[in-house]
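The first chain written gets the first letter, and so on, giving A, B, C, D, E and F; residue counts start at 1 in each chain.
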Amino acid sequence: MKWVIAIIKPFKLDDVREAMTSAGISGITVSEVRGFGRQKGHTELYRGAEYQVDFLPKLKIEVAVSDNLLDQVLEAIQKGAQTGKIGDGKIFVLDLEQAMRIRTGETGEKTL
Amino acid sequence: MKWVIAIIKPFKLDDVREAMTSAGISGITVSEVRGFGRQKGHTELYRGAEYQVDFLPKLKIEVAVSDNLLDQVLEAIQKGAQTGKIGDGKIFVLDLEQAMRIRTGETGEKTL
Amino acid sequence: MKWVIAIIKPFKLDDVREAMTSAGISGITVSEVRGFGRQKGHTELYRGAEYQVDFLPKLKIEVAVSDNLLDQVLEAIQKGAQTGKIGDGKIFVLDLEQAMRIRTGETGEKTL
Amino acid sequence: MRSRFTLGLTALSAALLLWPALVMAEGEAPTLDSGNTAWMLTSTALVLFMTIPGLSLFYAGLVRAKNVLSVLMQCFAITSIMTILWTAYGYSMAFGDGGAMNAYIGGLDKAFFNGVTVASLSGTIPETVFAIFQMTFVIITPALIIGAFAERMKFSAMLIFMVLWATLVYAPVCHWAWGGGWMGKMGVLDFAGGTVVHINAGIAGLVAALVLGRRKGFPTSHMPPHSLPLTVTGAGMLWVGWFGFNAGSELAADGTAGMAMAVTQIATATAAVTWMLIEWMKHGKPSALGIVTGAVAGLVAITPASGYVGPIGALAIGGAAGFICFFGATSLKRAAGYDDSLDAFGVHGIGGIIGALLTGVFASPALGGAGFKENMDMASQVGVQIISIGATIAYCAIVTFILLKIIDVIVGLRVNDEEETMGLDIALHDERGYNY
Amino acid sequence: MRSRFTLGLTALSAALLLWPALVMAEGEAPTLDSGNTAWMLTSTALVLFMTIPGLSLFYAGLVRAKNVLSVLMQCFAITSIMTILWTAYGYSMAFGDGGAMNAYIGGLDKAFFNGVTVASLSGTIPETVFAIFQMTFVIITPALIIGAFAERMKFSAMLIFMVLWATLVYAPVCHWAWGGGWMGKMGVLDFAGGTVVHINAGIAGLVAALVLGRRKGFPTSHMPPHSLPLTVTGAGMLWVGWFGFNAGSELAADGTAGMAMAVTQIATATAAVTWMLIEWMKHGKPSALGIVTGAVAGLVAITPASGYVGPIGALAIGGAAGFICFFGATSLKRAAGYDDSLDAFGVHGIGGIIGALLTGVFASPALGGAGFKENMDMASQVGVQIISIGATIAYCAIVTFILLKIIDVIVGLRVNDEEETMGLDIALHDERGYNY
Amino acid sequence: MRSRFTLGLTALSAALLLWPALVMAEGEAPTLDSGNTAWMLTSTALVLFMTIPGLSLFYAGLVRAKNVLSVLMQCFAITSIMTILWTAYGYSMAFGDGGAMNAYIGGLDKAFFNGVTVASLSGTIPETVFAIFQMTFVIITPALIIGAFAERMKFSAMLIFMVLWATLVYAPVCHWAWGGGWMGKMGVLDFAGGTVVHINAGIAGLVAALVLGRRKGFPTSHMPPHSLPLTVTGAGMLWVGWFGFNAGSELAADGTAGMAMAVTQIATATAAVTWMLIEWMKHGKPSALGIVTGAVAGLVAITPASGYVGPIGALAIGGAAGFICFFGATSLKRAAGYDDSLDAFGVHGIGGIIGALLTGVFASPALGGAGFKENMDMASQVGVQIISIGATIAYCAIVTFILLKIIDVIVGLRVNDEEETMGLDIALHDERGYNY
């Protein structure tokens, strides 16, 4: 199994989720993060005090997938999240050793 | 060492933390996430505009554990988080290569 | 490639980011988390109802690095985040199998 | 509430009085006074302001984020429903002529504001203004109660309860004290609503908290206020609006109104400081929630006294309210174990009782007050106050209990566990307070 | 707005009237009444309170967090700019003497408050007070419009548009109805601004929503209000402030002001409850956003009627407003497909039309009203109301459309896509609403 | 603040004046006027509203989330403590008879409102009303100061400082200007508190900012306001409440009160627009924080002038305040390097000086003003203004400095580093602002 982490632009969430659902994913976890990267931030100004904000609001999607679904999922995320402009984000893949469903205690790929 | 990620129902945090402490864990990190899964979301309605909210508030617990504690920790989380109803969440285990305590610079299992 | 997770004190973010940038890192992802550990929390009191808060606000930094940058990055984070007081946080390193830039679809170390 | 004229006469010099005095001597009815009317229009706005947004923010900040709208919605719906109820029959039941039953309840002669025209006067102000000033009181009283059962009551059951409660508890007690009923006749001093508003609301809240039972998780899991800035803002609004409540209850812009406003300010400040100091001593730190709760306790306690006592009375009543309510909202609640979520009883019930009682003491001219009712001394006045407090508590508790039990059978009082965990906002209203 | 004297005379007893009556008979001008002045100073504060913070919070809560400051800023800037505009020439254009053109527009004789001194009176109140009371109306009207184009209009274009619109639409229509123009002469009943304020703002909003087009993503992606507690708070403030709007429009603290306040309260509550019940029946749950929107619809609809109708009229107008605006802000908008972001048209346009129309009905003494204009019956009065509504709609729509088209060419009306995605707060103002 | 009679006489027609004029000629004391009393009761509520919730929200939004309650709590505690202090001896020290020392300080004859009864009058209003109207001024002035040392001062030290400061600085300066002291005798024009309130608060703030030193991290790390919607809301409330401050300082509902309200509105709007435009030109974008800060600067500057100048004066004073305070709160502060956290000095100190100075200019009848004090021309009036400003600055700065140094030795002024990092809410009050 793999643990996939994707950093995307917030307004792309719905597209990504739909693409992933189509790729056979039935569960994902999303959190709000701030990203620092090539995409330029903006300036904030309060009573003359300027402040360069380099961190942009992004969403982090985390999903556990079985090995055989990995490629489709990566493709789905990429398609759903892409705008072609800088700052679209990244996808990272880690190895996942074990998964368990809390409700039932089952483990393995069937829990995903 | 292992990196354990658990997605749980928010109101179960205290139970889980207690169970983990009993299992010998002395540090954990918690964040607020939104989960999409089998558990049904709800409808929101604003001036006639309906909106199906599939993402539910969940908590993500992350904890680094030594290999020999892993099983007890998994059991502790499962016991603490279980209600038996759909949406109780998942536990994921990844391999953790290294850990360092920032204050002292020490590394390895003793930092956990 | 490695996936580095650092839990730090919030007011150290700017120092850490600068240190990492100097170490050659061009992208990081930050999120707000609550940490439970050796550092003591505080008491809250509302109309006589006392409440021991063990969770402290922390920031989680996640960054994907190429293997050869790992040591410098660890050092940079540690230097930037250290105050020498309890609660400075931890750094965790996991193995990262794959990385993809959403905008271009490229994969591998060059995307970091 | 007494006529502007009594007081005006004292204050006016003989020469200026001559002409109006002559007119009055010939038995003319009082005429409209634009100054008094201006103040009462303002007071009406101020008292409405106490409920929306004042009280609703005060309470909304204290609940968890998942229930914030439920509280705001309850206050807003109560405001609307009570307006209709008061127009339809409430005003008439409270201030109409009850004929043979007048000691206990008014009649229906003024239903739907029948006979209340542009030209009707109530003393020196238009009767419309008197009627809607009083309307703002029947709005805030039920709204106060919701503090006791917040975060767990069904919205539908809440509405039914409030309509019945306003009809069967508020209207009669209001008539007893202010509408010509037995309590007023007996000589109770209740300037702006110690019995009618605060004891009534506090007792109803206590009964509701007991009948509904505790929130899931109370008291083991912690339920911190989700936004104290809302609560402190609401407290500030309550304080400001309360000037309309107390000084407005004079129904005129005169010396008594001025003194009522002054003692309101003094008692509130004293109670706030008292609460702050006790907390500081007992817990080592003073809190924002503490000081604002103290202020509300002071506002409550000075309410029945506001037109009758002087600055010294205000200091005493404020100090007593801060001190006693502190223990009411903390130790007493924990000891007794009921879940009065936002301390409707601890602050309004207890504060109202303290105020109603001490009004009988500090109305004494020797203590700077305006004097007791005719032919009374302190002992007899305190006696009358105790009877009134006791009657209000007993009547209110019994009727509230019966109403809640009946409603529980018919529609059920509480949401189910799942809805409570999910929060009332989503469960009952399909909306969320915040989408950041 | 009618003279205090007409009404005062009815209310006062003969004996007290004797002396002023004699004076008036000799043709003396009315003199300053401190009570009336007190109420109008208060009313001015209340109506300003409606815009800042009232309306600005109501709207701010409804947008997404990334646009919260843009809305607050628009309201605040409008408040400031309109003050200057009204001082410079607006007041004069609306209430000055237009000479030969007086049926259509006032003159510039009062520009920069020329001749408005400490001693100038307008009826029984200082003219300064009349001028700034009216100023608060020219502040809130443009502020209402922003609800229609929120989250996408350029701040610069918005400012230019509002200055031109206030000059070319608001000032003339205000003059028509209240400043001595044709509409008033024709006998329109518009107590506090059904045509001048609400229909005007609602229609301008609708045209703006159509000309600017929909927000990116509307209606497919969901744009939930970012903070309903702000919205409910704003609604409460609007309700309280509206007492100044309606009862203040009497320009006196008298029986008519009292009745205006009473019917405002009743109609608002009725509309709120009506909306709540319809939503409950249609969707299964009543919502906080629903009930407060209903209240605003009621406030809007009772505005033109407030000094003319009685409690029964208020119940009817409130019920109608709640019912019809519900469909205006939900079904109609979805069916027609325009993006009136915060329902400026659905609530103010439609509510204003309902109110203006029904004023012609419920002013009838048979229905508890104060009577029609001289020599009118219900049919002719309703006719006059319809003509006034029609003229306002037509004139406002045409001029608004032309202004927007011109501004679009010169500076552009909308922000670009990237700015809209990023949010107007950062894009236009370099600041963020929240930094938790 | 001048007698209603002076002005009333001008405004009234001869016929109506005859009778009261005769009465007055016989030397009768003024009698209670219900209209004036109504307005002053309202004004008192409005000025309290300025502090809680107005100013407290304005400031609370500007600090970081971890300090939000500390600011709200300071405002609330000041409100309460000052009420008690004013009742106990403050009012007497400011407005009592100081005997031989009367040029510098009042006496203790009115301590604990001794002799202030229901029947006592102050001009045409009850003395209780005058006393609590003035009480709201001694509440807001210390509350303004906290803007200068926010986010780092100990709560206990703050309380001690404020009690001493109100006693040793506010009460005397208030007596000098309004209580019969030398400044008033000299002929200073300070209608509603340019010297007494704003210069006093601004200078005390500056001294406090210097003595306490900068916040940890200032100016390198950024400390953005945690919730600008709170700040904008607070600004709106300040604007509305300020009507009571300025128009209320007339102590009557008359033409001067009307003009005071009008010029307040005009100056505020002008300052807001001025600030917005400068920022737009200098930084490329106008901000919400900018426009509201400009509005407050305008409110401050028009305060001493409000009863003396006309619309033209208001435009000029507003423009000057917007322009100069912009540089005071941005360039000057950065250049000088002190950490006046929320710009108490930059806005109130500088704005107060501008206003007090220009009052001496625009009171000129030639510029539409109400005229200088007897036997003065513009030069001598400006001279008097400068002396008053200078005396206030010098006295306030010296006493404030000494007080702070003493308190620093005894209890310490600042929290420690760890508490500052953690935030004052948890460190000093054991509570958190938000629990979402």
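Definition applied: contacts are C-beta pairs under 8 Å (C-beta built on N, C-alpha and C of every residue); 3 or more make two chains touch, one makes a residue touch a chain.
Computed from a predicted model, the values in this text were never measured in an experiment.
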item: Neighbouring chains shared between chain A and chain B, ordered by label; value: C, E
item: Equivalent interface to C-D, taken from A-F, A-E or B-D so that over half of the residue contact pairs match; value: A-F
item: Equivalent interface positions on chain B and chain C, same or different at half; value: different
item: Pair joined by the larger number of C-beta contacts - A-F, A-E; value: A-F
item: Inter-chain centre distance, chain B versus chain E - centres from mean C-alpha coordinates, in Å; value: 53
item: CA centroid of chain E to CA centroid of chain F, Å; value: 33
item: For chain F, residues contacting two or more additional chains; value: 33-36, 38-39, 42, 224-225, 227, 253, 283, 285, 287, 289, 430-432, 434
item: Residues of chain C whose C-beta touches two or more other chains; value: 31, 44-46, 94-95
item: Touching chain combinations (by label order); value: A-B, A-C, A-E, A-F, B-C, B-D, B-E, C-D, C-F, D-E, D-F, E-F
item: Residues of chain D defined as touching chain C within the complex; value: 219, 222, 224-225, 283, 285, 287, 289-290, 293, 329-331, 333-334, 343
item: In the complex with chain D, residue positions of chain C that touch it; value: 44-49, 51
item: Touch list for chain A against partner chain E, complex; value: 11, 14, 42-46
item: Chain C-facing residues of chain B, complex; value: 3, 17, 26-31, 62, 64, 94-103, 105, 111
item: Touch list for chain F against partner chain E, complex; value: 4, 7-8, 10-13, 15-16, 33-36, 38-39, 42, 46, 64-65, 224-229, 232-233, 235-237, 239-240, 243-244, 247, 252-259, 261-262, 265-266, 268-270, 272-273, 276, 283, 285-289, 291-292, 295, 310-312, 315, 370, 434
